[in-house]
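Note that the chains are named A, B, C, D, E and F in the order they appear, and that numbering of residues resets to 1 at the start of each chain.
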Amino acid sequence: MSVSSLAAASGEREAPFYRSVGNECGLFEQAFRQRLPLLLKGPTGCGKTRFVHHMAARLGKPLYTVACHDDLTAADLTGRYLLQGGETRWVDGPLTRAVREGGICYLDEVVEARKDVSVVLHPLTDDRRLLPLERTGELLEAPDDFMLVVSYNPGYQHILKSLKPSTRQRFVAMAFDFPPPGVERDIIARESGLAAERCAALVNLAASLRAMKGQDLEEGVSTRLLVYCATLIQGGMPILEAARATLVEPLSDDVDVQDGLLEAIRATFG
Amino acid sequence: MSVSSLAAASGEREAPFYRSVGNECGLFEQAFRQRLPLLLKGPTGCGKTRFVHHMAARLGKPLYTVACHDDLTAADLTGRYLLQGGETRWVDGPLTRAVREGGICYLDEVVEARKDVSVVLHPLTDDRRLLPLERTGELLEAPDDFMLVVSYNPGYQHILKSLKPSTRQRFVAMAFDFPPPGVERDIIARESGLAAERCAALVNLAASLRAMKGQDLEEGVSTRLLVYCATLIQGGMPILEAARATLVEPLSDDVDVQDGLLEAIRATFG
Amino acid sequence: MSVSSLAAASGEREAPFYRSVGNECGLFEQAFRQRLPLLLKGPTGCGKTRFVHHMAARLGKPLYTVACHDDLTAADLTGRYLLQGGETRWVDGPLTRAVREGGICYLDEVVEARKDVSVVLHPLTDDRRLLPLERTGELLEAPDDFMLVVSYNPGYQHILKSLKPSTRQRFVAMAFDFPPPGVERDIIARESGLAAERCAALVNLAASLRAMKGQDLEEGVSTRLLVYCATLIQGGMPILEAARATLVEPLSDDVDVQDGLLEAIRATFG
Amino acid sequence: MSVSSLAAASGEREAPFYRSVGNECGLFEQAFRQRLPLLLKGPTGCGKTRFVHHMAARLGKPLYTVACHDDLTAADLTGRYLLQGGETRWVDGPLTRAVREGGICYLDEVVEARKDVSVVLHPLTDDRRLLPLERTGELLEAPDDFMLVVSYNPGYQHILKSLKPSTRQRFVAMAFDFPPPGVERDIIARESGLAAERCAALVNLAASLRAMKGQDLEEGVSTRLLVYCATLIQGGMPILEAARATLVEPLSDDVDVQDGLLEAIRATFG
Amino acid sequence: MSVSSLAAASGEREAPFYRSVGNECGLFEQAFRQRLPLLLKGPTGCGKTRFVHHMAARLGKPLYTVACHDDLTAADLTGRYLLQGGETRWVDGPLTRAVREGGICYLDEVVEARKDVSVVLHPLTDDRRLLPLERTGELLEAPDDFMLVVSYNPGYQHILKSLKPSTRQRFVAMAFDFPPPGVERDIIARESGLAAERCAALVNLAASLRAMKGQDLEEGVSTRLLVYCATLIQGGMPILEAARATLVEPLSDDVDVQDGLLEAIRATFG
Amino acid sequence: MSVSSLAAASGEREAPFYRSVGNECGLFEQAFRQRLPLLLKGPTGCGKTRFVHHMAARLGKPLYTVACHDDLTAADLTGRYLLQGGETRWVDGPLTRAVREGGICYLDEVVEARKDVSVVLHPLTDDRRLLPLERTGELLEAPDDFMLVVSYNPGYQHILKSLKPSTRQRFVAMAFDFPPPGVERDIIARESGLAAERCAALVNLAASLRAMKGQDLEEGVSTRLLVYCATLIQGGMPILEAARATLVEPLSDDVDVQDGLLEAIRATFG
């Protein structure tokens, strides 16, 4: 399977279900058409990644997703010379691939990456839309259907890990949050197969659990965990047991915090 | 012996003895069937690793165990190009192996690993269940019988070493603790060959020693050390001598703490 | 596409629009003719990069731009031996290219680079104008039409990242700031296609937003973001929505700061 | 001389003299027979290394000793691919050698090693006794006559360098201290050739010097240094001169501490 | 162009203009003849580098200049094996070159270099004057016409970056400062072509600006910047504009400090 | 010139002049004969290195000197595989050379080296006197005429750079200081050719300058600098000028400290 088939496989997959909340799809499309880079901000598990998958499928463009991390360097994005059969061969990274052939490159949690990624993001995010590959001597001009999307979670930025203003100010930006109750209920029901009214109860519960964020919890419960919970219930597990495994243990190791979460759960389902 | 035989050898080994305490086997099986990743939390030596071995044997799946550490990188999990005979050859890592052929991949003490492991964990732990191998250009889709299990010990997390919420919230989670007295007695007796009533005395002793945790001891005495102690006693060593070598010296270097432990031991056996 | 075509492509591009504010073009030309290196200081997105592009086109010289970052080393600028076909081949970096063939080398945000870049900057910025390439054994003398330009943003220097006096004092320097209102209005209108009077309102707004810098904002809103905003409005997006996506979300994650920004926006357009 | 001859040479050397103090030989033998890993704790130069050499010779097993240090990694213990004649060849490390062929592997001052050694210690120290070699794809099962012994000095542990409870609790442990006076006298006499009654005086002196530990000295004087002192005296050097060179200068650079030591020496020999 | 031609080219260049201030030339010559290493201390841009160039030309010796930096290692000075055509070939570094063929090796800002340079400096700076090349197995004895010169700026030493006494005390040392007014005037006039009396005014200005050092400025204005200023004035630029670009902006980003500098400039030229 | 000729060249050089102060030669010879490792402690430039050179020549043994530094690793001492002509070839380091062929290995400022040198020092400094070469699979036994000598300067140890007690206690140790006046005078006269009575005045001066150590100076003036001073005077330089270049500038950059030094110099010679 070649590198190009990697993106294709990704592009060919059926557009994942996504329930729009505001005008996020419109802003994404405008940014795509105006060739502006996009920054998504929002908490863990609120649907940013799925939104990008949805939009890529809707626009019919291949999607290259990169989960950024502490050791991700510019070369991981642009490509490298690999030694094969005694000969060095250049292998495009996901960003180069997207620039060369068109498509959306999505850098998830971009603040985690090493600082040298700015060397490739800056010329791609000004009016030149260029990707210089020093190693191969190429200067790629991004086609009209190339789009750069990055995301990060403002909830746990710290001093050493934040986007420099000189980078931030190159993006159109959009804030995400958990979907409103009705939408979240439908998402859970669709993903887990659990009846909508039982999902609605989980969404109510999520509201109380999310209210504990900040004081006791680093992050509120994500839509993903609600889907997990509904899946286990639908699979036949008792509600309290499923809730403990998906809405309590993954959120905290602190016994007092867990007791608070369990109390809220029992108040809803007990 | 090839890489594939490594997992096979592991898979073929007889299912290790495991005494269930609650519904942990049921939750593991549900997670396996629903294709949800699982997080095990609990203290040192309480049986997490053995539980995973037991479940892998019970489900008839090969098991790939990785003891994570400070320098473990994503490439240690996914694979590397090795130079052999002037030709580079790709060698799958244990995670890739498990995704390619099905099976359970168990990352023990996952918080110890380098941050770039998130790059492989995230796409494997959302609904796509994908493992992108940038180096080979492959995008592997996990088969239904692939399962990812990770563990960590909440007892000694510190700031620099904790699971990010964006990672934690991708797992169904389960807390482990030392087994209840009757179960622990049976485990010790079975492993050491020592008579059950003498093992019961060791379990009683463990309760007093574990009560010292937090104030004086970083960790309570593990079931493993109780098995060691019973083994030495069964081998003919005087009880106090065996207890010093297995329940005192391995737990602390502090003379006062050691005196406290010895006092508890003498109170039980003296 | 070879390395030389990289610069050429850059040099052949039509001179980008640039509205002069003071005598910056005159000073640049004098420095070029007197063979003096130039340092540009100024905030994010005020037009430093575009100014250099403009001057390179005006002087008809190829331009080599390097976005500096934490891991950029002297070798990234001068070149490297690459292994190809079992033979090592020297490949010039962008600085060497500019010295060898003439042209302007622009190091954007030079303080971000590793300290060893001083090894190449120092002999190039005294009267010798030499570039020693230890690896190839060459000692290149810069031709008359070589010019070194570096930039940085005095707004977010910290102790570990500042230009040593022994480096700074080798440059003729020039401070940049956002363009005066009339000029900025014209720039926005030209780039976005939005009517000049609507752009004037955006420039007025920018003044109030920039006044918040320091107390609440790390950086004032850039001309680039104003162009983004005008582009989205011109594309049909409601003004408040466009302003939120370009003048609020990219500037801050703090709800209070965002409220302050939104208030100023509504006071102008509401 | 091949790698295998390295251990052999070590195994064939005559059993070094060792005077047992308590039941340390019995505990070592039990641990060896029960296939339990062993942890030795004790101050510098009290005889831990010699004890392990003695036991290896007594049990007739080859011994692989590794002095651990800050940069020792798992690969230093397990082995590496080396490039030879254009072909990579796997070379076993000392731990792999001991597992493959049987024998005792002794990791001296194990807390100094890099954290990734836990990846090889953990599966070797639970009931599976396995050594996975990811690089070669092998999963070695330790034979009955393999034993792992590690040591460390509790006297100078600090926060960054301590054994994690999850590692410590995998070992049977034993504390070492300087030998009792009669034994130490015999050791010194045997090693240096000095008459026993003169050695007895040195042992008396050691008691006073060791009493200064903690307040003035980081470590008490070791048996090794007493042997050095006796050796120089036996070689004809005046007592005070020999004592200064072996019992004062090696222990401290502080003039006041040295004066204290010299006073104690003169009180004994003056 | 080969490595040897690098030094030659440097040696053949015409002796740069240098106006002696005290007996610095005599001390340099004595040190050269007595085969003693020399340490030059002084502020940025006061002429240390030019002095060394001047003396090298005067003594008719090739000069090897190395601008030291944070990542400069001993191997950068001594040489390396490079892989070429499948064969490793040793390539002398600049220090080895100077020792092998005679000449002056000048390490500019030596305190910036990595600590392992001491391994080559120490044996070269005691009476043996040896350069051991461990990698090639050579032990080079420096010829009579080899001289080592190092420099640093005492003005911005900090704790982590200072010369160890064991290194400092191996050098004859000399302090440099800006030249006295008449000399500096002549230097500026000669370099810029500006009339001497106009240069004298610049030197007077420099005195007031240098008086601000310490309180407001990290470094006083260098002779180099005065030459830049005179060059721009000579090229037709208005005095105040030239002074801002060369004597204000390169020295400080602080508005208050800049105002102070401008006031002094206007007081002289306004 | 091969590696072996490196040591030979060193061994063949005529024994350098050394004036014994106490019984240091006797202690060195005893340690050599008893096969005990030796630790030399003392300030910069007091003659430790020359003493070792002298003793090596006197004993007729080759000497391998290594100036230790922050990046010196065990492999720098033991050796490495180098790639040559497509084949890896083992090249002995200086320590291995000394062990293999007999001779003295001198590690100057050993505390500067990386921590992994302990892996080679420990087995060489206990009664086994072994050097294990893991990479070649050799276990070298040191011959009777091998001796390990290390040195360090207790004057500037800090917490991160000190010898662990487990390493220190493996050495016979000796403290060095500047030679007594008569001896130092003779050394200076012999090295510089200056008349003895003029050297005596320099030694007197050194006493006053050394008295300033601690309060104002990090290190007292070394014998080496006194030799430099006498050399310049003998070469015809005025005393005050020579003293400034050798006894003032190399010792301090602080103007007040320099004034204090100059005052002492003028009081002696003025």
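In this text, contacts are C-beta pairs under 8 Å (C-beta built on N, C-alpha and C of every residue); 3 or more make two chains touch, one makes a residue touch a chain.
Remember, it's a predicted structure, so these values are computed and weren't measured experimentally.
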Remark   = Those chains that touch chain E and also touch chain D are F
Query = For the two copies chain A and chain C, what is the rotation angle that overlays their Cα atoms, in steps of 5 degrees?
reply = 60
Key: Interface residue identity across copies chain D, chain F - same or different by half   = different
Inquiry  = Distance between chain E and chain F based on Cα centroids, please, to the nearest Å.
reply    = 30
Query = In whole angstrom, how far does the Cα centroid of chain B sit from the Cα centroid of chain C?
reply = 52
Ask   = Any idea how many Å lie between the Cα centroids of chain B and chain E?
value = 60
Query = Considering chain F alone, which of its residues make contact with at least two other chains?
reply = 83, 86
Query = Starting at chain E, then chain F, how do the chains run round the ring?
reply = E, F, D, B, A, C
Query = Which chain D residues qualify as touching chain F in the complex?
reply = 1-6, 9-10, 16, 44-45, 49, 65-72, 76, 82-86, 91, 93-94, 108-109, 112, 153, 156, 191, 218-219, 221-222, 224-225, 228, 231-232, 235-237, 241, 245-246, 249-251, 253
Message = Considering only the defined contacts, which chain B positions touch chain A in the complex?
response = 23, 26-27, 30, 33-34, 36, 39, 41, 73-74, 81, 83, 86-88, 114-119, 122-123, 126-127, 132, 134-139, 154, 157, 164-166, 168-175
